Structure formats: C-alpha cells, structure tokens
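Take a look at these structures.
Two complexes, one shared chain (chain A), two partners (chain B, chain C).
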Partner chain A sequence: MTSRPHPAGRNYHVTLLALVVVYLAAIFAGFLAPYDPSAQSRDFAFVPPTGLHWIDMSGAVHLRPFVYQEGRPYPLRFFVRGAPYRIARLFSSQRHLLGVDAPAALFLLGTDGFGRDQLSRLLYGAQISLFAGPLGAALSVVFGLVLGGLAGFFGGWVDAIIMRAGELFLAVPWYYLLFAVRMALPLRIEPQEAFAMILAIVAVVGWARPARLIRGVVLSGRTRDYVEAARALGASDLHVLRRHVLPQAFGVALTQAALLAPQYILAEATLSFFGLGVGEPVPSWGNMLAVLQRYDVLSSYWWMFLPGGALLAVFLLYYLLADALHERVAALPG
Partner chain B sequence: MRYLWRRLGHAVLVLLGVSFLTFVLAGAAPGSFVDELRLDPRVSPETIEAMRVRYGLNDTLPGQYLRWLQSIGRGEFGFSIAYNGPVAPLLWPRIRNTLLLTVPATLLSWLIALPLGTWSAGRRGGWLDRVAAGATTTLLGIPELVLGLGLLLLAVRTGYLPVGGMTSLNFEEMGRWQRVRDVIVHLVLPVTALTLVSLPILVRHVRASVGEVVRARFIQAARASGVPERRLLVRHALRTAANPLISLFGLSLAGLLSASLVIETIMSWPGLGPLLLDAVAARDLHVVVAAVSCSTVLLVAGNLLADGLLYLADPRLRPERA
Partner chain C sequence: MSRRLAALSLALSVVFAAGPPLASQQRAAATEWLVSRADTGRPGGQLVVIERAEPRTFNPVVAIDAPSKDILGRTTADLIHVDRETQQPQAALARSWTVSPDGRRFTLSLRRGVRFSDGQPFDADDVVFSFRVYLDEKVGSPQRDLLIVGDKPIAVRKVDQYTVQVDLAEAYAVGERMFDSVAMLPRHLLETPYNEGRLARTWAVGTPADAFAGLGPFRLKEYVPGQRLTLERNPFFWKTDRAGTHLPYLDRLVFVFVPSEDAQALRFQAGDADVTTRLSATNFEVLQRDRGKRNYDLLDIGPGLDYTFLFFNQNSVAQTDSPQVARRRGWFRQLAFRQAVSLATDRDAIVRLVYRGHAAPLWGHVPPGNKLWVNRSLPKPPRSLDRARERLRSAGFSWNASGALVDKDGQPVDFTIVTNTGNTERMQIATIIQDDLKQIGIRVGVVTLELRALLQRVLTTHDYDACVLALGAADGDPSSEMNVWLSTGGTHLWNPEQAAPATPWEAEIDTLMRRQLAVRELQERKRLYDRVQALVAENLPVISLVSPSVLAGTTKGLANLRPTIFDHHALWNVDELFWRGRPAGETR
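Up next is the complex of A and B:
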C-alpha cells in the first residue's frame, strides 16, 4: 500500500488530545463544577439552563457576563468559594472555577427533578462512567492476554478447555450475557461498591474475544518463517516469546482495548440506566439518563438528554481512536 | 449433509453449555426471590423454609440444573417464582415479539446495505462512497441507548408515531386488520432503531468484501473484455463475495439481538429483553436462565441458517457430491 495517511490516521493526535481533555475535565470535576453533585435545591426543580447575558435591560454592555435572578443582575465570578471537594483524593479545596452570588444560581446545563446542577453531575458522573470503561477493558484484555497466550502456547487440552469456555461466552448476545453476569451479584449494592462491581462484570463478560485473537497471534507467531529462523539460530522459547510473539500480541491487545473501552462505558450506562448499576445519589451518565423513562421528562426537559450527548461524543472519539490504532497495527511489518 | 449435522450437534452442545453457565452464574448469586420475601414481616420463617424446599432452593446447583433440564422435557422451562407458574407460557409471546422486531430489521438493513455497499465499492472515493463512509462512521458512534432515546424524543416531538408499547389502549375493540395496522405502527420506531444499529457494520463489510473482489484479476479481465460495470459488480463481484457476507449475516445477528434488549426495554416493547431485566430485578432464577438461553437459541439458529446458506452457496463444503 502507499504511504498516504488514512483519513482517520491524520486526525489521530487531535482525537487523542480531545480524549485527554475530556478525562482531565472528569478528574478536575470538583474544581470545574460550580456545585456539589448531590446538593439539592427544591425550589429549582427542572430549571432550564441559566442564560448568560452581556447586555442588560438598559442596553449597556458589560464585559463580565451576568445572570438574572428575579429581575436583578448578578455578575459571574471566578474562583469562588463553595462546597468543599477533593481532587483525585489527593488535595482538597473550596475554590470553584465559576459561580454567582448567593440568591442567584448558576445552572449552565439546567437542573434535574431534585434541583441538582446538571453540569456538576455530568462532570462527577464522568468520573465513574469514563473510568469504569477503560479500566474494565484493560482487565478483560489482560485476562485475554493470559488465557489466550496460555492456549496458544501450550495447545492441547489447555487450549481446548480455554477456547471451548470462550465459545460459550461468545455464543450469548452481549447484553444478555451482561445482565446474566449481573445476576450473579447482589441486587442492592452500595454506590461506592458499584464501581468495583461494574469492573468485575465487564472483565468477566469480555475476556473471550481478546483471548481468541491473542491465541491466533501466538499460534501464527510460532510457525512464522522468521521465528523458525530465529529458532534455528538458537533462540530460546523466552526470546521468541519476548522478541517476536508479544510485540504482535500487544498491538492486537491495544486495538482490542480501544474497541472495548467505549463498549464498557456503554455497559455501565446501560446497567445504571436500568437501575442495576450505580445507584442514586451518586451520579453516573447512565442513571442521569434514567429519568427519561418518565414521559413528562422525555417530552418537556431537553437538557436531561445532555448525558446522552456526552456519551455520544466520547463514543465517537473512541471509535476514531480505535480506527487509527487499527490502521497502525495493520501497517506494522510482519 | 454431514457438515450440517456436525454444526447442529455443535449448536446443541453450545446451548447446553450456555444454559449451565447461566445457571451457575445466576444461581450462585446471594439472595433469591424467597430471600426478598424475608424482608416482609408478614411472612413467617417457616413459610420461607417451606418455599425453599418446594422450589428446590436447598438442592445443590447441579441438582437444580438437572431438574430444570427435566422440566424442559415437560415443556415447562422451569418454574417462575415471581409469576407462580411454569416459564414456557411467559416465554413464547416474548420470543415472538422479539422476532417481530429483529426479523424485519435484519431484512431491512440487508436490503439497504447490499446495494449501498456494492455501489460504494464500485466507485471508491466517489461522492456516494464518501457520504456513505461518513454516515456509517457517525452511526457506529451512536450508542443504542442514546439512539433509542433520541428516536423516542423525535416521536414525542412530531406526534406521528406512538411512544413505546406494542398496542394502543383500545386494541381489544379493534377489528383484525385494524389490529395488524396498530402493531405495525408501533413497530416503526423500534425497527428503525435496530436497522440503524446494524446497518453501518453491514455497509462497511459489504464494501470491504466486494471491494476486495473488484481488485481481483478475473474482474479486471472481465472488464477488459467489455462486461458492463453494473453486471460486473452484481453478477461477478457480489457473487464471489457471497461467502464472507453469509458469515457476516450470522455474526451480525449477535449485535442485533443484543441491541434489541436495550431498544425493547426503552420502548417498552414486550420482548425477551424486558422479561430478562424484570427477572434479574426479581431474582427469578429460572426465568433468567430461560431468557438468556432463548436469546442464545435465536442467535445459534441464525448462525445455523448462515451455515445452511453457506452450504448452498459454496460447493467446496460438499465434498461427497464433487
């Protein structure tokens, strides 16, 4: 093939940068979010996004945007003191990026039925939704590497058992398997444990496909000409594994992880959406969407769809990344 | 025929394996339907113990599994504690409803994907190819959950289509044709959702497979001898690409059935998906196992169908006739 870059490959760095920004936003949720994600204000149920104004009613232009509260303007302030928070469990602070003075409220993405700020919940929700996916994918791929590697390397009955077991996991439609595995865990679960539970579920659900692919790579690696040549020159098993088989396997593993990560992000969202994942009051993108199962919410409050939009954006970024990785792995020699 | 029998035997083994796996996974769970009852102060511990004995919850898991297999022989598929009756009567209408969604969605997405993918492959880099590639990438990036909710929003806003459900409220009073019409109107939204879910993958693969054949020597030779482009694509390229496409048919069913669970539940279509979710929430073990096994049966049946088609399409699989 020619060396002309693939359309997806060209934007590779842009895609990666965008994902890094999204993840940084999730990590610094405490600072970026104006409010505590579970702080309720019953007077503000289903409030539409707060409008930011630059021009007041007398027609004067303000450099600092402001919001209206009962007809009075309140200027937007930066680095305000608010609810205390911790970032990555390392340091704590009370400073928030944005805020307005007391009687007014800054709901840039509106509020939910309990008057909780959607933007804050979206940012905090990302901490669960965005991290469960990639971590789960990493776990599955590690399982896949170990089991597929064992199957491919030893062959014989080890191979037969592992691959037959994998076949069973692949024979069930994915979501059915997900909920079947969910059944193996207690119905009511603390929100703090939900994260670990979701990791456990997706790791169990998803090991089979990476294992199968890795096994293929290992098997074909054992019979390649250059491997035979290396063996003839006196290379040991370990050397062949390290120098010839594993690099190929890692390429496949990486692509698989990039493909699995968005799928697992969706798995968390789906489980939580149907009330079997992360529970209230801890926000996740899935349980934030769950309120759309109510007809009045679905028809009247468009800003409740925003977690779906966020999910969509992250999904698309991951697919572009997986495409680009796939191109790179396919372009590798050998 | 040996080939097909072997595939069938394999399918039966897979089904047994899957049902046992589900049984072990779901049965090993802490808490059963009976334990949920324990929270009710009106139910005495003696009643609970009696129920445990009656439903065989004190037996070992393999023992429970064997009894479940026996109940299949009686056509019951286990006993639903939540519905207090055999599972089979719950199962059949749900399977029918799921098929009512997935079969039209499969047909529709293939009817669109075949011409679109072939055409894209024939004119690589043309405007249609680029539009199709952009559309498929975008569609691939839309999760089922969001797609389903988005379509529901569309239905609410426009008011042309019913929002969820399978029948209207006055379904009982309708004549036969009105009923058919009513169900079809309710079908539109979920079938659209499922078609949009499965379409992009199909288009991509059709384009890739046909595109590979188009570069082959015999196609170039045919083109050089003046075979028209359209005939070249349809009669020669598409036919040669039939093998991977038939395999794809089997593979794509998994994604479709899986998406169907989410779409059915969001749009409150009474298929297998909502049955499974309710059963998981109620800890109704036999219903969970039956629903998961049924989804696998549908998938395996689809794959067998693909195997059969492959058998018809590829003479290399029929050595005894060669």
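Up next is the complex of A and C:
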C-alpha cells in the first residue's frame, strides 16, 4: 500500500474536535436544553420552531434577540432557572443556558405531538444514541481483537471454531431474533437496562466482522520475517502476540471502531424505532424518529426530521474520522 | 362542536324523511317490490371502495372477518333488517311480521316473486334451509350463538310457500333484531354440499363467480387476489325507487385492498378510490388541508360505537405470583386508586392531541354515538389533581420526600401500561396518561405488544398491570356485549371467567344484564342498562377515556350517501347510491 494525501486526513483534528463538541453537548444536555425533555406543554403540540427576532414591529433593532408570544415580545434570557437536572450524575443545577419568560416558550427546533421541546429531546436523546454506538463498537472491537487474534495466531481447530461461529453470527436474522428476545424479557425495562441491552446486542452481533479482519492481519503478520526471527530467538507466543502482531492489528481495530460506531448508532435508532429500545418518555434519536412512521407527521411537520439530520451529521463526522484513521494506518511503516 | 351538531341535525332530518317502507304498494304485480324512499337517481357508473384486507371467504355462513362481511353484506339479504340510521327493525325479505303476545312466536310473511341473483325463485323452503344450516353445530357458524334463545335453538317452520313461523323457548328482548344480517341462502345451490357435509368449505374465495347466488343488490363478478374484487349489479334485486326504477343504480362495485391506514389515505387522496371509511383523525386532517385542490368530500360522522379505555388487572392473586405482583393487585383493587387515576387523566388532552378534536371524551362505557342506549345522566367529574390526591390519601397512600407516591408500607407506586403495537393512537393515549400520573407521583411505564401477545396476557396468563384497549359494540345493542359485562364472560377483561362474581357490583351487573335480555320493552331494557352504566362508572373496572369519531371520505357527486356510525358506514344503503351529474352508463 502506498501513502497518498487524502483531504480527510488533513482535517483529522477538525473532525475530532467537531465530534468532541457533539459529545460535550450530549453530556451537558441538562444545561444546554431549555426544558425537561419529557415535560408536555399540551397547548403547544406540533409547534414549528420558534423564530428569533432582532427587529421589532416598529423597526427598532435589538441586540438581544426576542420571541413573539401572542404579539408581545419576550427577550431571550441567559442562565435562567428552570427544571432541575444532573450532569454526568455528578452535580445538579437548575440553571439553563437559554430561556424566555412565561407565558412565552422557546422551542428552537419545534415541538412533538405532546408539546415536548425537540431541542431538549435531541440533546438528551444524544446521551443514549451517541454513547450506545461507540461503547458498543468498542466492545465489538475488543471481542474481535481477542477472538480474531487467537484465530489468526493459533490457526488450526481454534481458527476453524471461531471463524465458523463468526459466520453463524453473520447469518442470523437479528431483528427477528430481537423481537423474540424482547418478548421473553419482563414487560417493563428501565432506560438503563434498555441501554445495556442495546449495548450487549450490538456488541455480540458485531464482533464477527472485526474478528475476521484482525484474523487476516494477524495471519499475515505471523509470517513476517521479524516475527520468524523473534520466534527463532525463543520468544513465547504471548510475547510475539503482544510485541509484534497485535500492535499491527491495533490500527485496523481503531479504524473498524470508527466505522462501526455510526453503524451502531443507527442500530440503536432502528431498535428504538421499532419500540425495542428505550421507552417513552425517555428520548432517543430512534424513538424520536419513530413518529415519522405516521403519514400525517411525514407530510406536515418537517421539524420532526431534525433528529435524522443530526444522525446524518454525526455519521459524516465518524466516516471522516474513519477515513483519516485509515490513512494514518496505511501510512504507518511496516 | 358545530360540525357534530350539524351531523346530528342531518341525521335527524333523514330519520324523519325515511319513515317505514311502503311494503306492499304493488301487490297486484308478480313481484312485491320494496320501494325505497330515498331520492330517485339515475342508473350507471361504478364505485371503488377501499377495503383494509382481503376477504377470507364468500360463504356467509362461516364469514367472521370484517372484509368478508363488508362484501357479503352487499351480495346477500336478510329477512328483517335493522335500519342503520334509525336503529329500528325494517321489513326486508319478510314484507311483514307479527309477534305473539307472549313474545315467543314470530310469523313472517315473505315477499313474493323475489329471485336469487341467478334467477331462481326464493321462498319459505330457502328460509327453512338457511336456518337449518346456521343452527347446525357441525357447520360451526358464528351466527349460531345469536339464534339460541333460552339455551334452545329457535325453531323455524314453513307454514306455506310464503309464510314461516319462528318459535323461541322464551321471550327474547332482541326479538326481530336477531334476523338482521342472517343471510338467506339458495337451497338449490347449497343443499347438496350441505348434505355431503362440506358446506363450511363451499364458496371459498377461489370459487368461480357463477357458482354463487345471493339476494343482495350486487353479485360477484370477478376476484383478483391481491388487487380487487368486482361486484356487478344484481338484475333480480327486489327494490325499486319511487319512480319505479329497479335498484341498485350502480353497475359495479369494486373493492380494492389497501392494508395500512396511511396507504389508504394516500390512495384516496390520489383519487384511486371513491369511498374510504375508518380514516384516522390525523390522516383526516391531512386530507382536509388538501381538500380545496381535490375532488372529494370528507365526513365526520361523529363519535362511533368504539370506546377506548384503561383497565387494571384485578384477577385474584395466585400462589405462584411474586409479592410485588400481589402488592400491585392490592392497589388496583382499591376503588379509590382507580378513581384517582380517572380524576388525574386529562381526557380533553387525549381528544385534542391524539384525535385533533375528532372524538368525544367518555366517563361511561357507552359512547354518545349510541343514542338509543347511552345514559346521559352519568356524572362527568372534571380533571382534578387535588381530588385525585385526596382520593389516594383517603386510601392510605402518601408521598415521600421526592414526591413519589408510596403505599401504606412505604413502597413506591409504579406500574406498566401495555397496549398494542401498530396502534399509534393508543400508544399516544398511554403516553399522555403516563405524564398525567407523574403529576400525582405515580411512575408509569408504557410497553407495546403485538395484539395477540397482548390478549394472551390479558385473557389467559393475566401477566400485566394495566392496559389501554378499545371495544366496539357491533350494533350498539347491549346484548352484543354480554361477554364483556357478565362476570363469567371470556372478555370480562379485568377479571375474566369468574366462577362466582368477585364483588357485589359485579353480581348486580350480572343480574341486570341477564334481565335486560329477557325483557321485551325497550324502555325497561334501557332502564336496566342505564343502571349497568352507572355501576361501571361508579366502580371503574374500566376507566372510559374517549370515543373516536367515524371519519370517511367520498368522491364528490355521490348522491344518497348517508353515512352512519354502524358498519358498513358508507355502503349500508349502497342500493340507493348514484352519481349525480354523470350521464347514465358512464364509467369513471
């Protein structure tokens, strides 16, 4: 393989920074979200995004933006007191970044059919959707690294068993199985349990692909001259695996993780879309998108597509990252 | 609101206009025509109707699914028909009838000169044969149960070629209504299969069209599975209009099969069909917004016979149940707990958010659409969180420091509402109740299950806490809901198939329901059923929530269309429908 400059590779740091910002927004959802994500304002069902104004009806320009509520202007306020929240289970507060005085309401991304603020739900939903993906991907890749490494290094019947098992996992129709698994579980699952379930499912389902790749890398690495040399010098299996073979596989694993993370984010969205993920009223991007199954929502309320847009943006960042990582791995000597 | 008033006044005006049919105006003629009182129209054209699923059978004896019934309702006829507008029995194939003073003998005079759609004559032998088939246990007709009175099947006897006599073991409140929708069968076609014991399997959907014959306004022409079913005009139909034109007016009736609710709205919007019923409120709103540009009318017929409700699991606790299950059932069996849930539930929000106003909030289980039976004097306590809290306090519940409701033992109160997947309305209702109850400190989970799995839990394994479900009385008569309200009933949802009534009020409902079935006077039956409604509203075995409106759409220009809340909402008088302003014979 030859190293060639790639546009994504150059923006590696920008991409990473953008992803960090997205994840920080999810962690600080409580502060950034104007409202409690499950609070229903029943007089404001399917309200389009609130318009921010700088120029009032008399033509005067205001530095501080404001919103109209029944013809009256209400200025945007910062660090307002609102619904209590906790951040990362560490500290709690009631201060929110943005807000307006009642009876006006600030729905920057509109509301859903129960009058719940879409922006708040999107931020809180990210806590589930964005973390289930990378955590699941990390688990998958660790499984893949261990199993693929063993298969590639030892070969023989170990290889045969692991790889046949991997093929089995690739061939199972997972969604049907998941419906069956869900039926067997107790009726009610807490959001944390649902999160753990999603994580377990995507990790267990997904180990086979990275395992195959890593097996290939290990298989080719095992026969390299310097590995042969190390063995000739009396190095143990473990030593060779640790010092010479796995470091090569590590770059592949990292790229795989960056590729799998968005797929798993989508898997969470799909599970929640079918009602198998976290349940109401806890938001996730998948269950937020589930309302698009309804024709009236699809045809009438464009702002209900916004979680889809957010998903797309996150995907793009991850793929850019995977591309950049791939470039770096390919550029590595050896 | 104004729309509902308008619909009501329209319905009333039509009731007065219709009146009783003039049964025997043309006694001298060979055929005793039934003369329709509807506006006279012009023959020709076809009507395309959306049906949600394909028929399972063309055999009226064993048909049980709605699509088969919708279609067979147009190709068959009954002796006495309940008018879908007035809810009153009307002459059909029987031009008149008498009832003995003890209410146990009906004597029916058949219309003379009536022919099946294949041209063969219809008489008392066909009637006797039909009832023999329906009552034969080996055939397994779902109609059989309705023809058992006082534990004995009704006895049907031929008096002469045009007179039959029907004897009942005891007086039966439903009386002549039991003849409604019992399709008369052609003996000349079905006697051989019946004698050979294969009647239940005859007239399956694959049978060629010329093997059928019925007495309805249309007859089968062609069925293309997966696409459409075409009925053509029955030239032997026994009704005319006031000008003497033979009914039906339409040449063809085409059913197209569209499974999903959304796809139905889309197909109708695109102009692929003339009639769609059972529109969801949200799709109705979408169609309404587009109405100016399109060639259709939309009709809100008002709250129908369906009622949606929440109920709690009140089955007795088995020894194998866990202590948590036992504790929960303990809450659910307390009236004050159920009252608090009812008081905290925002029915108006359900009407507004889920149904966009196309529904009526309910405090009793009979919806206002069922005008004949609804008890209008039931109290309608408005939503009140304070009163809900007061009810809970009176039953020994309290609130902990974080605002969560706890029972006498300090255990936090939480439960799960199940409802069926695929019904977005019920899912939304459950989510609204979840938020309502959060405000009185109850933590509620919402879980959706596939309908069959849900019913299995509710009726068989009893493994659930609470459930949002809907029921609909087919004809609005309380007799059709015996199974729900009798404590021995299989669909006595909150505690089915009890050996003995678990509570005094369930015992009282049992008595009232059995009595209303034996009494003949409507007023007395109404009085008894009013009491049932009051008992249900007081004891809240089901917390009635909402009754959705029946919403339909039709292509502009369809005359005599008088949709009702009864099945089939738009086609019940299909013989009278015609296209206004289209020349005769023109097809779309």
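Throughout what follows, the second predicted complex is superposed on the first by the 304 of 334 C-alpha atoms of A that agree within 3 Å, B and C clash if a C-alpha of one lies under 4 Å from a C-alpha of the other, contacts with A are read in each partner's own complex, and residues count from 1 in each chain.
In the analysis below, a residue touches a chain if its C-beta (ideal position, glycine included) is under 8 Å from a C-beta of that chain, and two chains touch if they have at least 3 such contacts.
Model, not experiment: these values are computed from the prediction.
Asks: Is A:Leu187 in contact with chain B, with chain C, with both, or with neither (first, second, both, neither)?
Replies: both
Asks: Pick one for A:Leu177: touches chain B only (first), chain C only (second), both, or neither.
Replies: After superposing on A, A:Leu177 lies in contact with chain B but is clear of chain C.
Asks: Let me test your reading of the model: by the given contact rule, A:Phe28 touches which partner, first (chain B), second (chain C), both or neither?
Replies: Neither partner.
Asks: Once the structures are superposed on A, label A:Phe143 by its partner contacts, choosing first (chain B), second (chain C), both or neither.
Replies: A:Phe143 contacts neither chain B nor chain C.
Asks: Which one hits more chain A residues, chain B or chain C?
Replies: B
Asks: First (chain B), second (chain C), both or neither: which does A:Gly113 touch?
Replies: Second partner only.
Asks: Once the structures are superposed on A, label A:Tyr295 by its partner contacts, choosing first (chain B), second (chain C), both or neither.
Replies: After superposing on A, A:Tyr295 lies in contact with both chain B and chain C.
Asks: Of the partners chain B and chain C, which touch A:Arg42 in the superposed model: first, second, both, neither?
Replies: The answer is second: A:Arg42 touches chain C but not chain B.
Asks: What is the contact status of A:Gly275 with respect to chain B (first) and chain C (second): first, second, both, or neither?
Replies: The answer is both, since A:Gly275 touches chain B and chain C.
Asks: Is A:Phe315 touching anything from chain B or chain C once the two structures are fitted on A? First, second, both or neither.
Replies: Only chain B; A:Phe315 stays clear of chain C.
Asks: Which residues would you name on chain A as touching chain B in one complex and chain C in the other?
Replies: 183, 187, 275, 293, 295, 299
Asks: Over in the complex, which chain C residues touch chain A? Could you list them?
Replies: Residue list for chain C touching chain A: 261-262, 265-266, 280, 282-283, 285-286, 289, 346, 349, 352-353, 416, 418, 421, 424, 427-428, 430-432, 434-435, 445-448, 453, 463-465.
Asks: Considering only the defined contacts, which chain A positions touch chain B in the complex?
Replies: For chain A paired with chain B, touching residues are 164, 167-169, 171-177, 179-187, 262, 266, 269-270, 273-276, 286, 289, 292-293, 295, 298-299, 302, 305, 308-309, 311-312, 315-316, 319-320, 323.
Asks: So in the complex, the part of chain B that touches chain A is made up of which residues?
Replies: 14, 17-18, 21-22, 25-26, 28-31, 36, 137-138, 140-146, 149-150, 152-153, 156-157, 163, 254-255, 257-262, 265-266, 272-273, 276-277, 280-281, 283, 288, 291-292, 295-296, 298-300
Asks: Contact residues on chain A for chain C in the complex?
Replies: Touching chain C: residues 38, 40, 42, 45, 113-115, 183, 187-188, 275, 279-281, 293-297, 299-300 of chain A.
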